[in-house]
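Chain IDs A, B, C and D follow the sequence of writing; residue 1 opens each chain.
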Amino acid sequence: MAPGKKGILERLNAGEVVIGDGGFVFALEKRGYVKAGPWTPEAAHTHPESVRQLHREFLRAGSNVMQTFTFYASDDKLENRGQALKITGAQVNEAACDLAREVANEGDALVAGGVSQTPSYLSCKSETEVKAIFKKQLDVFMKKNVDFMIAEYFEHVEEAEWAVQVLKASGKPVAANMCIGPEGDMHGVSTGECAVRLVKAGAQIVGVNCHFDPMTCVKAVKMMKDAVEKAGLKAHYMVQPLAFHTPDCNCQGFIDLPEFPFGLEPRILTRWDMHQYAREAYNVGIRFIGGCCGFEPYHIRAVAEELATERGCLPAASEKHGLWGAGLEMHTKPWVRARARRDYWEGLKPASGRPLCPSMASPDGWGVTKGHADLMQQKEATTQEQLKPLFEKAKTH
Amino acid sequence: MAPGKKGILERLNAGEVVIGDGGFVFALEKRGYVKAGPWTPEAAHTHPESVRQLHREFLRAGSNVMQTFTFYASDDKLENRGQALKITGAQVNEAACDLAREVANEGDALVAGGVSQTPSYLSCKSETEVKAIFKKQLDVFMKKNVDFMIAEYFEHVEEAEWAVQVLKASGKPVAANMCIGPEGDMHGVSTGECAVRLVKAGAQIVGVNCHFDPMTCVKAVKMMKDAVEKAGLKAHYMVQPLAFHTPDCNCQGFIDLPEFPFGLEPRILTRWDMHQYAREAYNVGIRFIGGCCGFEPYHIRAVAEELATERGCLPAASEKHGLWGAGLEMHTKPWVRARARRDYWEGLKPASGRPLCPSMASPDGWGVTKGHADLMQQKEATTQEQLKPLFEKAKTH
Amino acid sequence: MAPGKKGILERLNAGEVVIGDGGFVFALEKRGYVKAGPWTPEAAHTHPESVRQLHREFLRAGSNVMQTFTFYASDDKLENRGQALKITGAQVNEAACDLAREVANEGDALVAGGVSQTPSYLSCKSETEVKAIFKKQLDVFMKKNVDFMIAEYFEHVEEAEWAVQVLKASGKPVAANMCIGPEGDMHGVSTGECAVRLVKAGAQIVGVNCHFDPMTCVKAVKMMKDAVEKAGLKAHYMVQPLAFHTPDCNCQGFIDLPEFPFGLEPRILTRWDMHQYAREAYNVGIRFIGGCCGFEPYHIRAVAEELATERGCLPAASEKHGLWGAGLEMHTKPWVRARARRDYWEGLKPASGRPLCPSMASPDGWGVTKGHADLMQQKEATTQEQLKPLFEKAKTH
Amino acid sequence: MAPGKKGILERLNAGEVVIGDGGFVFALEKRGYVKAGPWTPEAAHTHPESVRQLHREFLRAGSNVMQTFTFYASDDKLENRGQALKITGAQVNEAACDLAREVANEGDALVAGGVSQTPSYLSCKSETEVKAIFKKQLDVFMKKNVDFMIAEYFEHVEEAEWAVQVLKASGKPVAANMCIGPEGDMHGVSTGECAVRLVKAGAQIVGVNCHFDPMTCVKAVKMMKDAVEKAGLKAHYMVQPLAFHTPDCNCQGFIDLPEFPFGLEPRILTRWDMHQYAREAYNVGIRFIGGCCGFEPYHIRAVAEELATERGCLPAASEKHGLWGAGLEMHTKPWVRARARRDYWEGLKPASGRPLCPSMASPDGWGVTKGHADLMQQKEATTQEQLKPLFEKAKTH
């Protein structure tokens, strides 16, 4: 940590609001550097300028945490289903740490190393094997001396506990996020119980990330907070939701929606939705508030603008905005200048421009999870023969 | 032009497809570098790394043209309504030319200098005054030796003709784009007639950009082509539409939609919409095919992927994609692997996730244009007194 | 005509508003007396109480015209495609006249006999054959001494002219309605030209009925009025539209919509939509204002309530209503009493309660009309062999 | 009961499906005989032909029960808020019994007398006072010798118990319906507990009617069945839901929707929705299956058609229909004949034709019920002074 910066627990213990960043894989997929499907972060190694620029944009938007771009950066994932990248997890993780630290040094941000769920767990590998994967990643983060660790995107609390146990041994503060909603984890463990187990495993910060829209995630974290408090435990809370509206999801989240991942555009949240989210998250007592897939820098800026009073500052990027659309006062057209006011944007129900499309979808709901044969992972590319039964089983929407 | 590169007219005369880039002001607004309202491009001077990175992403996505980030970079616009940037148009234009050239040199792209409509025209300044503004910008482009010029985003054909006349004098090839749809310009000149006048003024390439969705813009350019041919003239055609669905627009385009500019998210086109657009544009005989506001690099990539056979190549960024979702064959979840096929994405009607929102909106329709008092521009910031009658006149939606 | 009643032309010449009734086939289909598909009116003969009751409801709602329930009551239609009703056209027409007269006598209403397009025309029968069908129906109407005649629901102006020529010979006033919209008839004759030809053929009242929603129909009749006036002719105008929203129709009207005829419910107009319709029809100069398929008595009452001032009276059924929801002042729940006011209902954008459904549909658009082999009619029931190629050609929606 | 007819309990004990009728107040409001607001049934006395005709249509559609048109026919309701009808409850109840019996005698239907919740209960009158109201109505039903009694449309289980206790004393079979959904009654009593209490009070048949759409009501009755069985009790089950889609309701049901009662059209169920409902109700073990507000005769016919195999017969009105649209085989247009098949209608997602409207609404949610001052009923008409605070409190939608 740069001299003079307060650590993550110091900040949270002091009651400060900590703003996270947005999801790198979706943002960089749109920019051409990440492949939807494997979703791996090799761009940290191959195209560092793209990753550095995205870090900078989030920093400028108000993020206090630069999360290393190491999602799915375990060797078993980098090799999955025929990727053949010829890049090791260690290379990616090292490059990602350097980029995060470089940009964090440009402002008041901390560096968080990150690990996430593994294909090995889905393929029923043992606790020892899975923990070894986390340990291998942790070794890089320790070498690069990140400020704290985040274990995130876990669908099964058992695997999340294993991750926390490994990370905890490092002595760094540990945050743990499930990618679940109010219905609990994929094995039916309730959301509250997941949180209790993660705190007992050693996490100082617990919450959820990804898979559901902001209001749903806040509701889930509230359930976590209630359960942890009821159990007589103490923790801090974080939330890093999607920037997509998902009122129609089942327990698997947006992965099950027919629009995932290439038709989600109509669901993208506006900046005004983000104001509501930030306020609601703050109101239920969450202090580490960020984003995941779908968040662009302006979404994080909206979070920072909503909480400007609580944080005592506006982010740098607000010089190019103005609260509640104030920048529109400079617009050429008078009817657009007339929109430079809060009640206009707060009340707007934005149209989709898609009269042939519905407003909600039926999730796929295959209902399979760890232990099901369809979920065994493999190094080889998926064959057409393997795809055929999937195509037949699939719904058209 | 770098040695060995063919010029824009050589390419179009040879029947090649030329892919344009996407709109910088909207993309950089989301990244925190452009202010919605003034929409000016000072980031070319103040944050060159952000502009350079966006150029690179479009290049990687398949763009053959790096358009200088000089939209609204005239002095009268930079000073409008209290901006007080203390940056001159010349500084911005010079920086933008250098960035475009730097990235163009990294691939097979040309640099196009750009001018657009002026606040002075709206404020009823004389032909001499308006032409002087274009000339001042052109001087920079000539000094920086751009490959060709684009006059774009004109709502009134009269002003566009003035621009073409100024640019034409440089000897560079000139493209001219109106920001109109099939209903014609803001003074009621038909779309076809606009094109005829621009060709007569000296433009070798004509078309439309911004303000309407892709299919509407293609329809407008088709009207232009029919009229130019009927007049016995010759030209090339280009189109650079919005990446927003706008079935509900009136003649003013998306500016009149209640969602402009901060609630347009549900209207964003998917990559599959872009396939349709690229094919339709090609089919009606347009060969310079790009994008404007709302286009992200992956939208341009989709255009390049649809026309891969015609162009004989895939863009660099396709290494992170796969045609029609092929990358999903590597996805962990079997039901997502089942989406790795063209008919799935072609048939999908994506839901908005917004059941409380309508699918279409009523445009504002104030119906004022050049000559109306409400459209007089000013250096001073808009006052609350000036805003009050606008707020009262404004609809809530 | 009952002594003391003014005839239809007297009323229209005096500038009075004449309110029509609603469509019987759709209303009685919902009540269980008409079969969708053949759409024939044998209930006038077999279940007179159901027809009498519907007449009474429309009279009570404000109708000034009791239209005989004789839609499609020609022998060629009653025998089409295996109906085997063993009831003659004459029997149906006679019964229908008696019922209309009985109820008309209960109030200030006139009886209008009606003829409509024939399967014979679609099957390319000669002018002589088609006219003989109209003449046979007319004989009954003359015997029963109806007050005037309406030729309605014609897709081809040529057949409508034939009908007018036959009816005109009776000496009764003749109204003629095409079932077309602003795009013209099925052979491409413009809407205005259709009206001119019908007036020249002898119709004193011209307009459109069925196939399109109220605002579209009013627009079409406006085009008729403009053309008739431009041709230096004189006529009265009538409109009897659908009570379904059809913004997505092509020239064939609602028949082409995927929801026709058994899924149209979400498109049904509210009574407040009817207020708008009545006002708009009145404003463009239409004075015979009624309804067609989808109209229930309360829809006609809304037309009568909107035009209460112009007509100088409220309909009998308004004792069970109250203008603009005033009856809600008596509701038990306070928040429903709060809806007893005009601005509430005028501003309401009613939700569909169908989040999985779109707001617009793609019409079928087979594009076949008179002369196409698929449209040849037959006495025999449709066979499965005949249906198979249709099923294959059909879209799913 | 007519000689030879089996009673309601005999039928249900034998496992027969009993089909109810639809809601009279909404159907007759559209026909011009009932006033929305008070919703009282004086038409049984003043316009018997309209009530008789509706009974006949339901009989013809397959109803096995003619429910007397006596909803809200208590003296305290007939006098509420300035109605001044000068008709007594006894007069209405007597006329309604005669009409129901007359039509029941035309087929295999039973007559059910009906009582419903009272304004007196909402106004906090005593058990004695409320029971006296039910007793007064029951006296008429006993005099007219109805076949069984239905207590329906109760929001508070306490009042429903009082009704059952009064009716039970007559010796007639008693059915009891709450107008609640899965969230329980207005005082927070769970849906299952309501059913248990009603069975204990003496009801042989329990269920829900009105307020929610069919699938929601079936879900609520399933909860009742589970609770009754868990309590070791025995009962038969009935369901008479709305014919409106209400996915967006809160516990108060459709009364709280902004569209209630004059903008509900887009929510009306299709006949195909009714097939699904009938099957689902049957599958969960409900055997008395009917409808409430919004049901037209064709909706009941669809229920009867879906259960034709189980019942061993089709209703009379099916002669004018054909299963799954078979009547369309006789349609003139080939593309409509192509819709004469089950998979077409089962798969259709009908469009609303309302692109400016949302698919879901926000209920009003005033959250007041019995005991709240706003719910005190009065004989005097609501004054403008009383309305003003309501208008101010009301949302616009």
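The rule is simple: contacts are C-beta pairs under 8 Å (C-beta built on N, C-alpha and C of every residue); 3 or more make two chains touch, one makes a residue touch a chain.
Just so we're on the same page, UniProt names per chain: A, B, C, D = Betaine--homocysteine S-methyltransferase 1.
The structure displayed is predicted, hence computed values, not measured ones.
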- Task: Between C-D and A-D, name the chain pair that shares the greater number of C-beta pairs in contact.
- Result: C-D
- Same-interface partner of B-D, chosen from the options B-C, A-C or A-B, over half of the pairs matching: A-C
- Query: Per the centroid of Cα atoms for each chain, what is the distance between chain A and chain D, given in Å?
  - Reply: 48
- Between chain A and chain C, what is the separation of their C-alpha centroids in Å? 58
- Could you please state the distance in Å, as a whole number, between where the Cα atoms of chain C are centred and where those of chain D are centred? 32
- Message: Two-or-more-chain contact residues of chain C, please, as numbers and ranges.
- Response: 248, 349, 355-361
- Message: Under the stated contact criterion, what part of chain A meets chain B in this complex?
- Response: 29-38, 49-50, 53, 56-57, 60-61, 80-83, 119, 122, 213, 244-248, 255-272, 296-298, 301, 316-317, 319-322, 325, 327-341, 343-345, 347-361, 364, 366, 368, 374-375, 377, 381-382, 386-387, 390-391, 393-394, 396-397
- Quick one: in the complex, what on chain A touches chain D? 349, 355, 358-360
- Task: Going by the contact rule at the top, pick out the chain A residues touching chain C in the complex.
- Result: 248, 355-362
